[in-house]
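Report on the following structure.
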Amino acid sequence: MEFELDSGNTAWMIAASSLVLLMTPGLAFFYGGMVRGKSVLNMMMMSFSAMGVAGLIWVLYGYSLAFGSDVAMIIGNPADYFGLAITDAESLMASVGVPATVAAAFQATFAIITVALISGAIADRVKFGTWIAFAAIWVTLVYSPMAHMVWGGGLLGGDGITAGLSTPIDFAGGTVVHINAGAAGLALALLVGKRKGFGTEPMRPHNLPFVMLGAGLLWFGWFGFNAGSEFAADGTAGRAWLNTLVATGVAMLAWLATEKVRDGSATSLGAASGVVAGLVAITPAAAAVDTYGSIAIGAVAGVLCALAVGLKYKYGYDDSLDVVGVHLVGGLVGTVLIGLFATDNAESFGVWYPDGALNGLFYGGGLTQLVTQVIVAVVAVAFSFIVTYLIGLALKMTLGWRISEEDEVAGIDLAVHGESGYETIQSGSVIREVRA
Amino acid sequence: MEFELDSGNTAWMIAASSLVLLMTPGLAFFYGGMVRGKSVLNMMMMSFSAMGVAGLIWVLYGYSLAFGSDVAMIIGNPADYFGLAITDAESLMASVGVPATVAAAFQATFAIITVALISGAIADRVKFGTWIAFAAIWVTLVYSPMAHMVWGGGLLGGDGITAGLSTPIDFAGGTVVHINAGAAGLALALLVGKRKGFGTEPMRPHNLPFVMLGAGLLWFGWFGFNAGSEFAADGTAGRAWLNTLVATGVAMLAWLATEKVRDGSATSLGAASGVVAGLVAITPAAAAVDTYGSIAIGAVAGVLCALAVGLKYKYGYDDSLDVVGVHLVGGLVGTVLIGLFATDNAESFGVWYPDGALNGLFYGGGLTQLVTQVIVAVVAVAFSFIVTYLIGLALKMTLGWRISEEDEVAGIDLAVHGESGYETIQSGSVIREVRA
Amino acid sequence: MEFELDSGNTAWMIAASSLVLLMTPGLAFFYGGMVRGKSVLNMMMMSFSAMGVAGLIWVLYGYSLAFGSDVAMIIGNPADYFGLAITDAESLMASVGVPATVAAAFQATFAIITVALISGAIADRVKFGTWIAFAAIWVTLVYSPMAHMVWGGGLLGGDGITAGLSTPIDFAGGTVVHINAGAAGLALALLVGKRKGFGTEPMRPHNLPFVMLGAGLLWFGWFGFNAGSEFAADGTAGRAWLNTLVATGVAMLAWLATEKVRDGSATSLGAASGVVAGLVAITPAAAAVDTYGSIAIGAVAGVLCALAVGLKYKYGYDDSLDVVGVHLVGGLVGTVLIGLFATDNAESFGVWYPDGALNGLFYGGGLTQLVTQVIVAVVAVAFSFIVTYLIGLALKMTLGWRISEEDEVAGIDLAVHGESGYETIQSGSVIREVRA
Amino acid sequence: MKLVTGVIQPHRLDDVKSALEAAGVRGMTVSEASGYGRQKGHTEVYRGAEYTVDLVPKVRIEILVADEDASSIVDVVVGAAQTGKIGDGKVWTVPVDDVARVRTGEHGDAAL
Amino acid sequence: MKLVTGVIQPHRLDDVKSALEAAGVRGMTVSEASGYGRQKGHTEVYRGAEYTVDLVPKVRIEILVADEDASSIVDVVVGAAQTGKIGDGKVWTVPVDDVARVRTGEHGDAAL
Amino acid sequence: MKLVTGVIQPHRLDDVKSALEAAGVRGMTVSEASGYGRQKGHTEVYRGAEYTVDLVPKVRIEILVADEDASSIVDVVVGAAQTGKIGDGKVWTVPVDDVARVRTGEHGDAAL
């Protein structure tokens, strides 16, 4: 195929890539504000370092693992596009006139944010070096295969395990990003163990405006994530955009309503959390449901995630910032509800889904798509959980995960990074030595 | 009309929609930094909740109220596009190849920010539930009609009350957004009454960097707002962009100069305020004036708004964060000065205004456009103030507006949201109960 | 030439201009978080004021000085486009269908950020009025000529001093922006002198999350800066984008590794600094190197800049926030390494450089391009340093640079702006007088 | 000399300060504190976990006074800080051996 | 009456508070402090400059008690705050002339 | 034993600390405070409203010393904190009944 550039689609995809990239610093604030003041820097560093590690691996062989020629429906050939040597005719987005470099850029941002999301499950207590190693291994062994299986023609795509039923719908990454990160977070939380004082000592967010800032930047960037996943500037991208607005807003209101009923007051942490829950849930469905579907998905996600974040206390695992409660549960909500709400009424709503997918139960398509979605979700959870657990175990036995209890009490920022987030009394210190 | 997609224009409009959406979290910081530390969360929640409420109403029937088929030149038919069922051929931006979903998305962001702007007038003291209810009613009864009257073929458009004179110019929302929010803010400030301690106790901004952050994000998003209001990626959009840079920068410098002369020092709060004043004032004029016009509008807005923010002390109404002084006054400055500076010299400056509008007084067009602009401004102020006042009154008599004085003193964050913005001494609390 | 609009390229360039504009508020946080709490506002004001001053000068005559018809290969004719009266056919980006207003907008954002960058060298101690005057003069006498010399057909372009060798490569502003700002920062740091207590009293960053926020926003905006410098939405822009991701991430990791080895811990300030160092270094090379080149440039920049920031203690000049160590050194690294890594393998990597440039040493082009790059770098340093020094000297002898030592100790925010960044105990103050 | 220390409700500080000024007190030192006592704290809920926050914000003021003024100053503080609600705070008096003014090195009552 | 002041490790505050409650103490005032002493500070490096930070975070608690309770309360605080590591802090007792409860104006032991 | 408390200008803290070290003091507790006194506050203007801020930032240091060292320590603090400008602060001495070291439970001078 001859490549013909579409400057409009390309313009949108470059902008969308930039928006998605901003989500990771946004996440750094969403997470960073939520931990105690003595761990804010470490939390932010887990996100920032993911940008370096996952970005580097992606351009070297990660992209090729995900989108190279298929091997056993599980992985792509890493040699195909090693170092991102790709002609535009081979571009993942060639059919819409978006060059290879831009396609690779967009995909890179997804790998980065997915790794960063996991860090919330193990806040305040892990060695920075182990985290870096984990990020590198995880992108290689979990993210890239999952992306291949779902988007690269693998087991979780149209010709995969549900081929006899229908094509699974994952518009923007409900499985690849959120179920994946959520299941991985659960595995690590179990493996790494609880923070000292978990469930008995107060661990309130040290800076709620930072959490709001993070939520705002995430929401902004997510328009690139969801509407960008159309790979083109058209009406379907617009639909994804609208659903990303509405489902998110409704999830926020639903979370607030749940809190008001249950706890007596609607909190700003609840609003920020509801925003993210809605964003997560609408991700797989972004362009596959109409206005009503997106309202329903938002409402369900807002309520269920608000309830789910308490589970960790009940079951005693320290998923510190609720990667499970928000990303795993929210990702499942969106992925499964597609089976009820999917519709391809492009005419009036700009809605779209891939060939071979079917309308949802409420839109006259019967139960088939629902079954397909559930199967895909279950496989994705299992794959991510198991492989992540094994990676985590290997690291536990080699580098080790935990910092010392003493360092945890004093604060990981000081112990691991030799810094503290905020200035205290400006005295009591002298410059000892200066290096160059 | 057959719809023909222009991917370039669509690319810009999706990006622009995202930029405008970010303005509301930006506003949350602009406002949130300006209140006392004990009310920061509530202030931010007023903006965030507007995103949920106004967004939901907009996709259900708000868009249709504004852009549905005309009823009495005041309102659109809500049934036309209920739930945003619109074909691309019916897109508001069909003539420039932008699909219906994208057009609806862009307009949604305007409804959201306008509601959020009002909240600054009643900071620190109102029930959250009443605010939510107000937001819903106000979008329905004030914002949507106003948008219809100005942009949907209503009373304040080319065929409306100034039909005998000339077509009013409101490029990006000086009347619909700023005059509207400013007049509504005045109505509520009068109705809701003063904060305890207003005018006697210090109420300084608790976090000025947050105010700067808000101003920065607003400026950034405003490029989507103003240059996006061209609905296309062309030279006129570029002119709107340039004016949004220059008028804003000049307004900032003018505000600083005013402060320097009057108070002895140029403040960062003044810079942030000048930025917003300039942005507000250039909004209606964004593509209708050339470089010199935008400098003039910025300078006048910077000085007048800097003077206007003191009026509340003189007249004793507690427009806490100066919605009147900045948005009403700034909106009026821009709307009226168009009558002096409007020009359609597209050749050299990329300037543009609608058919039926005229050059301003200083550009050889005589006084007609000035008169048109004044008429439109006055009607807009009156409409917004009166309907808002009635809505506010109804809420006062039903849900009530004020939290208790005790709660106001202790801080609205704790009283209403059961949270406080920042961590204090990490002790003295235990987990009592855990819910799931 | 007839102008033919390309809406896709224009869409990207409007978005890119907005992204670059956001870099200056981003810088305000990067710098603002790094100073002590008592100077945060002044630091941020130096950036914000640059937006007003440089923006205004740019639209009046700065653009014309840079891109007007050539005078002596040093400067453009200020009368050509005074007030930005430019037809689209004369657009700097006419060949790719981007209108004159958009081209001028994009360029304006470069002038602004360059001035703002300098302020880090003289943090906490200079009169605000002198800074404003400096900004205005510097844009006129240093930035505009430098932009003309490099991009406007002057001495540092293809037909300039290296005409006998090869065309210098500066894709996005390594010389014009970073070497320029860095050399100017050095000149001012020497001229203005040290802060009281420099090298003996602790001057740690007061808010490291703000530094991270700044770094995140800078990175985001920089995609507009580098990928926008292609002036089109195509594969080369995508390459610039990718390199801006990878070189930056690698530089961050390299800085962290340097710290880990040298100081024992990898800091968040190091991560943020590494991000900026990488961004600076990849700027000139953005689309002229492939994946491997960008990794190499990032790695070298990360290590060298991490070492260079200590030089000021050794040599005793107070370049407070390391404009020299990061922007001058980083800009030199990128500019010079182009001579090793430049390649125009567009086929597989989307790479591009101007006619007359040559491949780098490692890509079979021999030493010529390296020599060219070194010559350009040296001339740029000399020009910027000398002219800036003279401007600074003139200001020293007239307005004066320093605030009083007492004001410096008490804090410049209070002394110069009559404000303090954060609320303290909410009492002890009354409203004395109210103005309107 | 005596040191009178008061722990009061933050929003009473301005009134206390005015009352002290009126009573001729020329200086004091103020700092932030948190109180624990009969005044019940409150409950905060963050993502399903309920915390009982039993420390409430207070302001501490310290006033050095001559022996003979101590008890009247205590009364001034008590009077101005009182709202009658639980949590109004305490004022106590401690004997002081000596006071020095840093600026001048003066000691004793002259240093106040 | 006596004022017992303790400067302790921040993470011991909850235990000290519980122990005091158990010992019948009904009120106290808490504030943030930084300590300097045998406990070594730490080193922070910012962009190549190494700072020695010798102030470490502490929490100060102040408890007004009746004369006869002073020494037992000191013991309670010492017991609950002790970790055995350098930097555990100090507890000291100062004589108090008088205490007033702001809410009621009561004086003396009744004001505690 | 005595408790010497100093309220000083924040930028003098490093010098005071050094001087105390030189004088053999091995520990102290530092906290933030705001002062009100002869030193004039300043004016801040926010959007047309002028506030008089009369609290100025200070640092409080507390040093437990043996009886015999009290007055010399006061002198050390006064000497090191002095700039001669209004607002330099106060240093005062209060009698202490007893001091305990939390780590060891030691009492009296041994606990210092």
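Remarks
In order of appearance the chains are A, B, C, D, E and F, and numbering begins at 1 in each one.
Here is the rule we use: contacts are C-beta pairs under 8 Å (C-beta built on N, C-alpha and C of every residue); 3 or more make two chains touch, one makes a residue touch a chain.
Keep in mind it's a predicted model, so treat the numbers as computed, not measured.
Where touching is counted per the definition, the chains common to chain D and chain F are A, B, C, E.
A count of contacting C-beta pairs for A-F and for A-D identifies A-D as the more extensively joined pair. Centre-to-centre spacing of chain C and chain E amounts to 51 Å, using the average Cα coordinate of each chain. Chain centres here are Cα means. That of chain B falls 45 Å from that of chain D.
Residue numbers of chain D whose C-beta contacts span two or more other chains: 14, 17, 30-32, 34, 36, 44-46, 48-51, 53, 55, 94-95. Counting partners per residue, chain C has 6-9, 11-12, 15, 201-202, 204-205, 207, 213, 233, 263-265, 267, 269, 307, 310, 313, 418-420, 425-431, 434-436 as the residues that reach two or more other chains. Because contacts link each chain to all the remaining chains, their graph is best described as complete. Residues 10-11, 13-14, 17, 30, 32, 59 of chain E touch chain B in their complex. Across the complex, chain D meets chain B through its residues 11, 14, 34, 36, 41-46, 48-55, 57.
Contacts from chain C toward chain A in the complex involve residues 6-9, 11-12, 15, 19, 36-37, 199-202, 204-209, 212-213, 215-217, 219-220, 223-224, 227, 232-239, 241-242, 245-246, 248-250, 252-253, 256, 262-269, 271-272, 275, 290-292, 295, 307-308, 310-311, 313-314, 347-350.
Contact residues on chain C toward chain B in their complex (touch as defined above): 5-12, 14-15, 17-18, 21-22, 24-26, 28-29, 32, 40-41, 44-45, 48-49, 51-53, 55-56, 59-60, 83-88, 99-105, 108, 128, 207, 210, 213, 233, 416-423, 426-427, 429-431, 434-436.
Taken in their complex, chain B has these residues touching chain E: 425-428, 430.
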